[in-house]
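Take a look at the structures listed below.
Two complexes are shown next, each including chain A; its partner changes from chain B in the first to chain C in the second.
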Partner chain A sequence: MKEPNDVILKTAAKIAAIIILTFSIHLFLSGHHNPGGGFIGGLAFVAAVVLLYLVHGIEKVQRNIPVNFKKIAGLGVLISVFTGVKGMMDGHPFLNQTFGIVDLPILGKTETATAVLFDVGVALAVIGASLTIILSISDDR
Partner chain B sequence: MSWFYLFIALPFLYAITVPFLYHKFNPRIHTGWFILIVPLVIFCGLSSYIPAISAGETFCLTFPWIPAYDINAVAYIDGLSLIFALIIAGMGFLVICYSIYYMSKFKEALHNFYIYLLLFMGSMLGLVFSDNIFVLYVFWEMTSISSFLLIAYWYEREKSRSGAQKSLLITVFGGLSMLAGFILLSMITDTYSIREMISKAAIIQSHSLFIPAMILVLLGAFTKSAQFPFSIWLPDAMEAPTPISAYLHSATMVKAGIYLVARCTTIFGGSAAWFWLVTGIGMVTLLYGSINAVRQTDLKALLAYSTIGQLGLIMSLLGLGSAALYSKVGNEGAVYAIAIFAAIFHMLNHSTFKGCLFMAVGIIDHEIGTRDIRKLGGLMHFMPISFLLVLIGSFAMAGLPPFNGFLSKELFFTSLLNAAEMSFFNMNIWGIILVIMAWVASVFTFIYCMIILIKTFLGEKKDYKLKQKEHQAFLSMLMPPLILAILVIVMFFYPNVLVQHLLQPAWVAILPTLAATVPLQIVISPWHGFNTALLLTIGVILAGTLLYKTHEKWRSPYRFYPQTFTINNMYDWVLEKIETCSRAVTNWYMTGFLRDYLVYILGFTILLVGGAAVLFEGLAFEFSRNAAVNMYELLLLSSMVISALTVLLAKSRLTSVIAVGTLGYMMVLFFVLLRAPDLALTQLVVETITTVLFLLCLYHLPKLKRENSPLRFKIVNGVVSVGIGVVMTMVAFSAYSNHSFAPISSFYLNADKLAGARNIVNAILVDFRGFDTMLEILVLTIAGLGVYILIKLQLARGKENEGTK
Partner chain C sequence: MIEWILFFSLFFLALSILAIIYRLVVGPTAPGRVQALEALGINLIAGVAIFSVWLRSTAFFEVILLFGILSFIGTVALTRYIERGIVIERKQSD
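Here is the complex of A and B:
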C-alpha cells in the first residue's frame, strides 16, 4: 500500500513512530500506579510498528527489524506462566504475585513487583500476536 | 514444597530440554542416553521410600494448586502407589535403554519420541500418586493423549493413525465417564479426596447413586485396561514402535485401570454388583483374549491379545478379592483377600515377563524384518539368546515352574477355588463355572505360549536375509530383556523378599479397613504340596500339550466366525455413521456465509439474554439516581448516531470504515468525560489498530456495489439488528438499576495494600485476576498463530497447485 515517493509522510512517520514508541514504553511502566500497563503499552507499540509498515512497506521494515513476532508471542506467554510458577516455589498458589520496596543505586527507594514481570509477558504476547496477525493478513495477496 | 514432587515434575521439565539435546548432539550421540537418567533418578529416589512404606508408614503431601476450589495436588504415597511407580520408573529405564538400539538415530524423529515418552512417564507417575480425583483425572487423560501420540508416532502410516484414533476415542470416552463417576462420588461424600471417600465407603454404599457412580468409574477402568468389549483398541495400538508396546501397552498404561479398580475396591467392594461386574468382565476378557490370541499370526498381535487376557485375569482377581469386604463375611475375609494379593503379584509378574517377550519379539522384527509366524521358524540357530528370552517369558506366561508366573497362577487357581466355596453372591451355582472358564482360558494361554516359542524358534530353518547376526553389538539391546528374564527367575526362588517389602504394603493399602481388623499375612513357597490348584495346573499342561499338537486341525472354526459381527466392525460402523450424521448436521447450518453466522450468534444472544431477562424478571429501569445529562454528552451522542448512520448509508467501504473508527473515537471521548482513563487508552489504541486491519482487509476487496437482496433476508437482518440493540440497551439499564447483592468491587479498592498498585484496573488485570489475563494472552497467541497458519498454509498449497498445473 505504500505510495512511491511521499517525503512528507515518511518524515512525519519517522518522528511519530519514535514518539509513539517512547510513549508506549512510558505507558507500560506507568501501569502500576497510573493508567497504562502491558496490554495498552503493547498495543501502542504495535501501532508504531504498523505505522512504519504502512509508510515504508513491509519488506524494508522487516530488513531493519529482523524479528520473528511469533517467537515474541510465545516468549511472552512463557514469561507470564513462569512468573506464576515462581509463586508456587514459595508454597503460594499459582500466579501469586508479591511486591516490596528495594533500595536501588540510582533510583533510590523503588517499589518492585513481580506483577511487572507478568506484565512484560503480557506486553510481549500482545505485540507478538497482533503483529503476527497483521503481517499475515497484509502478506496475503 | 517437598522434594517428592520433583519425581513427578522431572519428566515434564526434562522434556523441555529434549529438542535442544536432539539438535545439538544427534546423530553423534543417541538422544536416549540423555533420557536414561530420568527414570534412573526417579527409581532410586522412590526406592528410598521402600523401608518406610514396608514398615507400614504412609506419606501424604499437600501442595495447593487451586485452593479456592479445594483442588490441591495431594500426593499420597502408600504401598499401592509405590509399587506402580517403581514399575513405571523401572520399566521406563529398561525400555529407554532398549529403544537406544531399536530406534535408529539416523532415520527417526527421536526428539518427538522421547518427549512423548517423558510426558507419558510423568503423567503416569502423577496418576498413581494423586489423591485428588480431579488431579487424577487430568493425569489420566494425559496418559491417553501421550499414548495417542506414541501410537501415531509413524504417522505417515494409515494404520498407525487409525489405531491411534481408536485408542483415543475409546480411552477418552472411558475417561469422561470416570470423571462423571467421580463427580457423583464427590456429590455423595462432599469431598474430592479418594482417602476421605474410602473412609466414607458406608455412606456411598447405601446411597441411591451408588450403582451409577460405580458403573461410570468402572467404564473408565475397563476402557483403559482394555477389558471386553473395549479391548479392540489394544491390538491396533501395536502399530506403535515396539519399545512403546512393551512400556505403555503391556507394562504401565493398561495397568492404570487395574490401579483404579484396586484403589476403589474399598469404596465399592463388598457389594454383589461390584463383585460380579469386575469378576465377570475380567473373566470374559480372559477367555476372549486367550482364545483370540491363538489364531493370530502376527507375533505382536498375539502378544496384544495375550495382554488383554492377562489384564482380564488380574481384573477378575480384584473382583474376587472384593468379597473379603462383604459385611457378613467375618474372619474368612483374609482368605478371600488373597485374591487381591494374587492380583498385585500377577500384575508385577506380567510386567516382567510380558516386557521381556515384547522386547524379544522386537529384536526378531528388527533383525529379520517380519513378525509373521508363518514366515518364521528355526530361529534358534541364529538367535540363541532371544530364544532363551522367549523361552523364559512364554513359560512364565503359561504358568510353569521355575518362573514367577507359576506362583501367581497357582494363587489365581487357589483364590478361584476359595471363592467357589462362598455361600453368598450366588457363588454356589456360579463358582464352578468360573473355575471352568479360568481353566479353559489357561489351556489356551498355554497353547499360544507354545505357539510363540515353537513356531518361531524351532522347526525347519527358512531363508532369511539377516541384516546382522545377533552378536556382541546387540548385547545392549539384549540387556533390558535379559534383566527382566533374570527377574522372572529370581522372583520365583525368592518371592518372599518381594512380598515383605513391596507386595504386602500394597495389599494392605488396597484393603486398609480389612487390614485394621484381620492381619493380612502370606508366605509364598514355590512348592506348596499336592492340592487342587496344582492338579489344575497339571491338567492345563496335559490338555494344552495335546491341543497344541492337534491345533492345525481344530483351528478351522475360527475361519467360520462371521466377521461382520466382530466388535471391530461394529466400531467402524458406528464411527462411520457418526461421521456422516455430524457432517449432515454441520452442513445444514454451516453455510459458509459470514452473515448467516452473525444472524445465528446475534439471534441466540437475543433469545438467551433477552429471554432470561424477561423470564427471571431481571428487567428494571430506575433513573432517579442518574446524574444530569450535560451538553458535551448530548453533542457526543448525536455525533455517534450520525457516524452510525454513515456506516449504513456510505457508498464506499472506505467511508464506512472511517465512520466506524469515528464511532470508536467518540466512545473514547465518552470514557474521558466519565473519568475512565484506562478504558479510554485501551479503546483508543484498539480502535487505531482495528481500523488499520480493516483497511488492510478492504484493500483486497472489490468495490462496494448495490445489492438487491430478497425481502426475507432484509426482514431477518432488520429484526435481528433491532433486537440486539434493544436487548443490549435493556441489559445496560437493568444492570445499573438492579441491586440484588452487594457489589464485590469494594474489595479491589484496597489494591494499594493488597497488591502494591494504586491503579486498580491494572492490579485486577495482573494480580487479582491474573489467571484470566494469562489465559487471555494464551488465547491471543493461539489466535495469532492460527491466522498465520491458515493464511500461510493456503498460500503454500496454492503454489503447489499452480506447480501441478
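Here is the complex of A and C:
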C-alpha cells in the first residue's frame, strides 16, 4: 500500500485549529448573557483537539500535550461541586451565586460573576470526559 | 420582493435537502454517502444564513460557524476511515 500524502490536510488543520480554539474561548466567555457557556465551549475545544488527533496521530499529540484527560474530568467536577458547596457554607442554598462590577486593567468596568467558576468546572469536565471517550473508542489495539 | 426571493431559495434548499437525504439513505457507495453528508451540512448552513437575512438578525452567525466546524471535522474523520480503515492512528508517519 502506497504512503498516503495528506499535506493539504495538515496545512488546513493548522489554520482551522487556531480558528476553532478562538471560537471556543468566545463561546465560553459569552455564556453568561448570550448563547454559549461551559458545556458548548468545552465541546468546541474538544473538536479542535480531535482535529489535531486526526491529523497528527495519537503519539505526537500526547507527546506535545502530556495531560491525563481522566484527571482533567475529575478536577472539573471537583471545581463545580466546590463552587456549589461554597454558597452553602454561608447559609445560602446550594449553587447560590453572586456578581459584582470590578475594574479590570484592559477591559475597564466588567461584570464578574461567580458562575464563571462553575462554568470553568463544567468545561474541564466536558473536555476530559469527551476526549477520554473518543480516545477509548478509536483505540485500535 | 426580497422576501419572495428568500422564500423561494428556502423552498429550493428544502427540495435539495430531500434529494440529499435520498442519496444518504439509499446511496449505494460509502463515498457517496460521505459526500451527501457534507452537502447536507452546506445546505443547512445556507438555510440558516437565508433565515438570518430574513429576520435581519446576527444571532445565528455562531450557529453557522459551529456547523461549518463540525461538518469539516466529520468529513475529515469519515474520509480518513474510508481511506485507511481507522479514524485516529496511533503512530503517524511524517
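In this section, the second predicted complex is superposed on the first by the 135 of 141 C-alpha atoms of A that agree within 3 Å, B and C clash if a C-alpha of one lies under 4 Å from a C-alpha of the other, contacts with A are read in each partner's own complex, and residues count from 1 in each chain.
In this text, contacts are C-beta pairs under 8 Å (C-beta built on N, C-alpha and C of every residue); 3 or more make two chains touch, one makes a residue touch a chain.
Since the model is a prediction, treat every value here as computed from it, not as a measurement.
Participant: Check whether A:138 is in contact with chain B, with chain C, with both or with neither, and answer first, second, both or neither.
Facilitator: Both partners.
Participant: Return first, second, both or neither, reflecting whether A:9 touches chain B, chain C, both chains, or no partner chain.
Facilitator: After superposing on A, A:9 lies in contact with chain C but is clear of chain B.
Participant: On the superposed three-chain arrangement, identify whether chain B or chain C touches more chain A residues.
Facilitator: Between chain B and chain C, B touches the greater number of residues in chain A.
Participant: In the superposed arrangement, which partner chain does A:119 touch: chain B (first), chain C (second), both, or neither?
Facilitator: first
Participant: Figure out whether A:47 sits in contact with chain B (first) or chain C (second), or with both, or with neither.
Facilitator: Both chain B and chain C are touched by A:47.
Participant: Quick one: is A:130 in contact with chain B, with chain C, with both, or with neither? Answer first, second, both or neither.
Facilitator: first
Participant: Kindly classify A:60 by the partners it touches after superposition: chain B alone (first), chain C alone (second), both, or neither?
Facilitator: second
Participant: Which partner chains sit in contact with A:28 here, chain B, chain C, both or neither? Use first/second/both/neither.
Facilitator: A:28 sits against neither chain B nor chain C.
Participant: Pick out the shared contact residues on chain A: the ones touching chain B in one complex and chain C in the other.
Facilitator: In chain A, positions 27, 35-36, 40, 44, 47, 50, 54, 134, 138-141 sit in both the chain B and chain C interfaces.
Participant: With touch defined as at the start, can you tell me which chain C residues reach chain A in the complex?
Facilitator: Of all residues in chain C, those touching chain A are 59, 62, 65-66, 69-70, 72-73, 76-77, 80, 83-84, 86-93.
Participant: Going by the contact rule at the top, pick out the chain A residues touching chain B in the complex.
Facilitator: Where chain A meets chain B, its residues are 1, 27, 31-40, 43-44, 46-47, 50, 54, 70, 73-74, 76-77, 80-81, 84, 88-89, 91-95, 97, 99-100, 111, 113, 115, 118-119, 121-122, 125-126, 128-130, 132-134, 136-141.
Participant: Over in the complex, which chain B residues touch chain A? Could you list them?
Facilitator: 1, 64-67, 677-678, 680-682, 685-686, 688-689, 692-693, 696-697, 699-700, 755-759, 761-763, 765-767, 770-771, 773-774, 777-778, 780-781, 783-785, 787-788, 790-792, 794-795
Participant: Under the definition above, what is the set of chain A residues touching chain C in their complex?
Facilitator: Of all residues in chain A, those touching chain C are 3-4, 9, 16, 19-20, 23, 27, 35-36, 40, 44, 47, 50-51, 53-60, 134-135, 138-141.
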